[in-house]
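Down below is the structure, laid out as structure tokens.
Going in written order, the chains are labelled A, B and C, and every chain counts its residues from 1.
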Amino acid sequence: MQTNLQLTKEGRLRHLLTIEGLPSDTILNILDTANRFIDPKTHEIQKVPLLSGKAVFNLFFENSTRTRTTFEIAAKRLSADVINLNINTSSQSKGETLLDTVDNLVSMQAAMFIVRHNESGAAHLIARHVAPHIKVINAGDGRHAHPTQALLDLFTIRYFRPDLSRLRVAIVGDILHSRVARSDIHALNAMGIAEVRVIAPYTLLPKGIELLGVKVFHDMAKGLRDVDVIIILRLQNERMSGSLLPSPQEYFKSYGLTSEKLRLAHPDVLVMHPGPMNRGIEIDSAVADGPHSVILSQVTFGIAIRMAVMSILMKED
Amino acid sequence: MQTNLQLTKEGRLRHLLTIEGLPSDTILNILDTANRFIDPKTHEIQKVPLLSGKAVFNLFFENSTRTRTTFEIAAKRLSADVINLNINTSSQSKGETLLDTVDNLVSMQAAMFIVRHNESGAAHLIARHVAPHIKVINAGDGRHAHPTQALLDLFTIRYFRPDLSRLRVAIVGDILHSRVARSDIHALNAMGIAEVRVIAPYTLLPKGIELLGVKVFHDMAKGLRDVDVIIILRLQNERMSGSLLPSPQEYFKSYGLTSEKLRLAHPDVLVMHPGPMNRGIEIDSAVADGPHSVILSQVTFGIAIRMAVMSILMKED
Amino acid sequence: MQTNLQLTKEGRLRHLLTIEGLPSDTILNILDTANRFIDPKTHEIQKVPLLSGKAVFNLFFENSTRTRTTFEIAAKRLSADVINLNINTSSQSKGETLLDTVDNLVSMQAAMFIVRHNESGAAHLIARHVAPHIKVINAGDGRHAHPTQALLDLFTIRYFRPDLSRLRVAIVGDILHSRVARSDIHALNAMGIAEVRVIAPYTLLPKGIELLGVKVFHDMAKGLRDVDVIIILRLQNERMSGSLLPSPQEYFKSYGLTSEKLRLAHPDVLVMHPGPMNRGIEIDSAVADGPHSVILSQVTFGIAIRMAVMSILMKED
């Protein structure tokens, strides 16, 4: 159902809503397209006129300066007109429904919506509603999915380790509340990664996570052994003050990635984090700023990935 | 006085502040210009370089994502640089006067101000103050006027019913607090519409409204009979909780537009609404989404109308 | 130290952080560059493609619509892509450090940061951290510096009084809390102004201000005598309600610039104010709007100065 929503009958990408069910050649096409936006010499992202005259709407029902900014920059690098809408102060508060808001923006000549919402399925709802020539990108919905984050994570891994089939990847931290974890697992499996592990305390692991094809660990010492890539998840502030966890210090001791724990992994291990980081809680500064960290590369590649998704969606018309 | 403020001695448009007193050929010129921005085949709004290098300031003292966005899109379709200013958090709160703010923005090379303010006359005040080469568009001032809304309503009616002279138009709802109603009445009368009706409960009708040249009805069954166009006004949330009205349910029963009430009108009646809609209060979803509704066309034509007004004002220099 | 941070070994401008220590030929180069952006006939600011394809980030940790807008307009007149970030609602509140935010934005292809922060030294901190090809402009940090304001003040004085060496300039008001005063004093001294005076009540004067090379006055009657330029400082609202001053009325009586006090100065005296003005407190409307006032010229020249600084920084790469 979701697959049908984001793919045409011919298998072309119509919307990007979730990694789940996305064919590997569609994923590869996005990665390869992103690659072409990166200048091979300077590694800077190029500016191109592909979306000139098109209006891209950042429709953010949940505040996120960072993600909104990356989409805004990606759209501007494609020469689109970008309209930012933070929907608290807007028509929503005036009692208009989500779909009425969308219909109105479509009538204002929106070509594409970048949607972030704290409820799972919001982007799907919009994609199901709009006319075929309108494109939707899910920029994070509830605990469900964050597909562009997963694609940029995949791009980053492949950039530094082109042979994906032999890699062991560990995702560490709050798996339970993380749409990033969910999307990453789908993306890694779709690309035939050798092994995907999740490492988390019992309280931060969803039941039945093994069904997604991951190995579960509760102990960093075991889980990190010989992995080629570590993806550290952000520990949301609201969790820290909750009852699920003992204390930030305790969490750091058990699950915070330190240089010492890093030595358990493969000597060339890559360290990744979707940001923003809580230094001293889920990651130590020595690791975040150390030679294994590719965290800032993720950010740059995130621009290229978003440009790739936008340009592919607009081309498919 | 207001006429002089928005027209030059030669009768050209200098500012757009109110429909009241605007000559019909000026109105027709705006409608015809708007028409040229709409692609005849795709019905999409074209992007043109008419305001390239010009700075348009959205000066919003009252929050309105929808109206601000339509002006922002219209200005960007004309290739202007758009600066959005929501004046709560700005210099106004620092004790600067409205006209000092305006003077400063003019000195920053503003070419045009789009002004929304909760006090009637704010746009006039600014228009009276600025140098002749600076243009002002009233995007809604208090209960007074909302001229671009009236122009887009007129455009929409004419688009679907070109022979205006024979039409009967009913405006339904909160006439008392509505700048849209006031501007619509002036616009419809200026174009020689056969008959303009207002339908509202006693508590939502201003005294002496008949003097504007409208027929007054309190009963939908009588007021809707044989009309060609129905303009449903938004019932502001703050009214609903006030003492002017019994309850939203009661209001819907008496004045909400349902399919049943719609049958009283002409079989080809057009249903319009300035948005955002309160479904189930002033309009039933079956009507809002039904075959008579041209509500989303209003939104699209609103972009073209705003482009037309902006380009006419800038050309007249 | 600061000098080294904002100048290369060859003496070229790398960042603009403070006027202190800036060589006079660097200042003159900025003024002359600004002059070229002003159309000699119309006095309008021209639009040029110098920063086309570059991303300029307005990184405002302290709210200032006016200053942010001037930088936004200046960047757009240079054809840059501008991204506005008001960092309250952003990652900062999620616990990310200032430098992590900056690193992320650099990874998003930021070419230049315009930084306003309520802590002195914030722009320096960022400049010290970023790679050499990233440029930083201080748009006001705590009580420390506001260099572009000082440059536009200097430009304005030179525009109307080209022979700087004979001028007497008085800065009036809240010297204690003013980064504008500090930057103005450095700029005026660097250009060899004949005499710089400060006029303020004891409570609004920092100790040892004489060491900056200014003459101190507490009495307007003495301080204004024969001056060629008067720079009136804004009295912050929070001071007025504090215990440092008797009352706004009392302040106006002693230090507010009235037509009467203005007669003590040179007959051709220029009156300046960084804005926003408190009319009737630090300046009388008759003076603010009178023939000696060049307050609005300051605003226009501020755009040209900011364009000049941005284009010089980007050229030096």
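As a working rule, contacts are C-beta pairs under 8 Å (C-beta built on N, C-alpha and C of every residue); 3 or more make two chains touch, one makes a residue touch a chain.
Computed from a prediction, not measured in an experiment: that's the story for all the values here.
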Degree value of the rotation bringing chain A onto chain B, based on Cα positions, nearest 5: 120
Fraction-based call for chain C against chain B, same above half, different below: different
CA centroid of chain B to CA centroid of chain C, Å: 41
Interface hub residues of chain B, defined as touching at least two other chains: none
Chain A-touching residues of chain B, taken from the complex the two chains share: 44-45, 47, 63, 65-66, 69-70, 72-73, 76-77, 237, 275-279, 296-300, 302-303
Footprint of chain B on chain A - complex, ascending: 53, 55, 81, 83, 85, 87, 89-91, 94-97, 100-101, 103-109
